[in-house]
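Letters A, B and C mark the chains in the order given here, with residues in each chain numbered from 1 onward.
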Amino acid sequence: MQLRWFNPWAKALAALCLVGTPAIADVLPDDRADVLYHNYDGGGITIQGPSVLVRKKVGDSLSFSASYYEDLISSASIDVKLSASPYHETRKQEGFSVDYLHGKTIYTAGYIHSREPDYSSNTAYYSISQSMFGDLTTVTFGFRRGWDDVFRDVKVNGVIQNDPTFQRQADHRGYTLSVSQILTRNAILDLNFEAITDQGYLQSPYRKIRYFDPTVPGKQFTLADQIYPGTRTSTAASADLKYYLPFRAAVTGLYRFYNDTWGITGHTVELDYTQPYRHFIFDGSIRYYRQNNANFYSDLFPRADYSNFEARDRELAAFHSISLGFGAAYEFHVPYARWINKSSLNFHFNHLMIDYSDFRNALLAGDGVYTAGTEPLYKLNANIYQVFVSIWF
Amino acid sequence: MSIRSELNLRASRFGDARKSCTKCMGIKIIMGLLILGTLAGCSPIQPWVKPYEREHFADPIMSFNRDPVSGTYIDHVYESREGSRGATGGVGGGCGCN
Amino acid sequence: MQNRIAGIVAALVIALPAVAADPTGPAPEFVLPAKGGSQIDLAKYKGQVVMLNFWASWCGPCRQEMPLLEDIYKKYNKLGFTLIGVNVEPDSKAADDWLKQTPVSFPVLYDKDSKVSRMYDVSGMPSTVIIDRKGNLRFLHHGYKPGDESEYLNSIRSLIRE
C-alpha cells in the first residue's frame, strides 16, 4: 500500500518558490539554466531525482522561466512499516512563470502542476514587486491559489491500484508580503510575512493514529483512521539579515516565527557563512528548528474515539531538529562557448537530525521490552546531497 | 452537551472565523502596499546609501537566493518534515542600477 | 470595501512622481585623476559639449552601455564633443580589469572618495549628465535601458549646434 509521507500543501508551496519572486525589483532576473540532482536518505526513506530550471529574457521587459522536478520515492519509513508495506512512487512537477518589468515594478505570474499516482495539485500565483526610496527598499506582495485532488491507492490481490471510491479536494490560499531593505553599505535586511489558509481534505489517507487497547496482546494498541479538521490557517514572519565582511565574505542570520490554528508554534534560527576563495565559493550553515505539537496530535490516544480530531503525523508532533550544511561551488569557463558568461559546478550536503519529544517508535511495542506508550522516542538522521551545474548566458 | 459535539462546534466556529479573517488580512495587505507605494512617490527620505556605494549588493555572495533551484529544494525538504510553512522567500535589495 | 480599494488605487495613480525636470545652472567643477595617471580638470573642456557618465564595473546596465558610449564618442569627438567616464568605485582594480577586456578611447576618471558623485547628486547607476559649451547643466538621465542612447544623441546634436 502506498503512502504519501509529507504534508500535501507543502509540496505545492515549496514548489512555488522554484520560480519565486525576483531578486531586484528594477532589474529582471539573470538568464540562466540549472540542472540539479537531489538525494535524501534517512529514516528508511530515499528520495532522489532531477530538478531543472531555465530562465530567459525576451526583449527588455519580459523574462520567462520553465521548471521540471521529480521525486523518485522509495519508502520503508517508520509510518509505512507500521500501517502499510514499503512502496515506490514517482512525483513529477512542471512549472512556468513570466516576469514583466515596467519602470521600477516587476509583475510576476506563474503556474505549477504536480502529479503523482495518488495526488494531483495545481497552483497559480502572481506577485508585484516595487522598488522605492531610491532603490533602497523593495516591497513585494504575492498571492497564490492552489487546487488539489487527493486519491487513494489500495492493494487488491497483491496489486496496487487506485481506489475509485475515494476522491477528495483541498484548496489553498496564500498571501505574502516581503520587504527587502538596504540598511548600510554592508547590510541588507529581508522581512517576510506569509498567511496561508487551507480548506478541505488536509490529511494523508494512509496514516493512522493508535489508541491504547489492552485487549491486543503484546502491542496493546489498535490503529484507527486519522481525523483532521477541515480548515487550517497559519501565519509566519521572518527576518533575514545579511552582512558583508570586508575581506569578501558574507554572514547571514535568520529567525522565523510560525503559528497556526492547529496549535502549532514553530521557531527557526539559522546562521550561514559564505566564503569565496579563488574560483570557489564555500558555504557553511547551521539551522535549529523547534515546534510544539498540534492540539489534536497524540502518539497514543487513551481509547477509541477519544476526541473529534485525531492525528499521529509526526510532522505535527513536538520535536526539535538541527541541520548542518556545507556547500562548495566551483566557477569554470566552458571552452568554445562564448555565449556562456559564467558557469559553476556545485555540491551541497546537509545532515539533518530530528529528535521527537512525543512521537515514539511504535514498531517496538510488544517485543517483550516495551509496551504501548513506553517505547523510546523516535530519532531521525538524514543525509541530503545536491549536485548541480549552473550556467549563465 | 457531549464533549464531541462541543469540540465540533468550537472547531467549526474557529474555522469559519479564521477563514473570513484571512481574506480581511489579504485585503489589508493590498491596501497597505498601495498606501506605501503612494507615500514612496512623495517621500522626503533621501537614500542614505548612495547608488555608487552599493557595490557589495551586486556581489552574488550577498544575494539571498544565489542558487534558486537548490534553495527551493532544501526549503521543500524542511517543509515536508515540519509543521511550519511560509516566510522563506528571499527578495533582494536594489544594486542601484537603473 | 471595493470602493475603498478603488479610491486608494486612484490616489496612487495621481500621486505617482512627476518626470524629473531637466537640470539648470553651472556644472560643478572638479579635478580628478584619470586612467593613465594625468589629472583632468573639467573647466578645460569649456567650449565643448561634455557628457559625463558615472559608472561602475559591478553595475550591469553600466557595462551594457559602454560600447554605445564609445561609438558616440568616436562619431562626435571631432565636432566639439567629448565624453568623460567617471568611475565611482573606491577600489579601481575591478574597473581596470574590465576596461582591459572592453577598452574605451574616451578619458576615464576615478572618483574614489565619491566627491564628484555627491556634487552631481548621482541618484541612479549609471547616471549621464550633458553640459553645454558654456559649462551649464542641460541634460540628466538616470539608469540605462537599450534605446536610451537616442535620447543622448538628440541632446548632443542640439547642443553642438548652439
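Keep in mind that, in the parts below, a residue touches a chain if its C-beta (ideal position, glycine included) is under 8 Å from a C-beta of that chain, and two chains touch if they have at least 3 such contacts.
As the structure is a computational prediction, the values presented were derived from the model and not from experiment.
More contacting C-beta pairs link the chains of B-C than the other of the two pairs B-C and A-C. For chain A, the chain with the farthest CA centroid is C.
Rounded to whole angstrom, the centroid-to-centroid distance between chain A and chain B, based on C-alpha atoms, equals 16 Å.
The centroid of the Cα atoms in chain B and the matching centroid in chain C are 36 Å apart. Centre-to-centre separation of chain A and chain C, using mean CA positions: 46 Å. Within chain B, contacts with two or more other chains are made by residues 30, 37, 47, 51, 53-54, 59, 95-98.
In chain A, the positions touching at least two other chains are 27, 134-135.
Contacts with at least two other chains are made by residues 60-61, 123-124, 145 of chain C.
Partner chain B is touched in their complex by these residues of chain A: 5-7, 9-11, 13-15, 17-27, 34, 36, 38, 40, 51-53, 67, 128-143, 173-178, 180-182, 184-186, 188, 190, 192-197, 199, 229-231, 233-238, 240, 242, 244, 248-250, 252, 256, 258, 260-262, 264, 266, 268, 274, 276, 281, 287, 289, 291, 294, 305, 307-309, 315-316, 321, 323, 325, 327, 329, 346, 348, 350, 352, 354, 384, 386, 388, 390.
Contacts from chain B toward chain A in the complex involve residues 3-4, 7-8, 11, 14-15, 18-19, 21-22, 25-26, 29-30, 32-33, 36-37, 40, 43, 45-49, 51, 53-54, 56-57, 59-65, 67-98. In the complex of the two chains, the chain C residues touching chain B come out as 1, 4-5, 8-9, 11-12, 15-17, 54, 56, 58-62, 88-89, 111, 114, 117-118, 122-127, 142-145. Residues 27, 30-31, 34-35, 37-38, 41-42, 47, 50-55, 58-59, 95-98 of chain B touch chain C in their complex. If you check the complex, the residues on chain C that touch chain A are 60-61, 123-124, 145-147.
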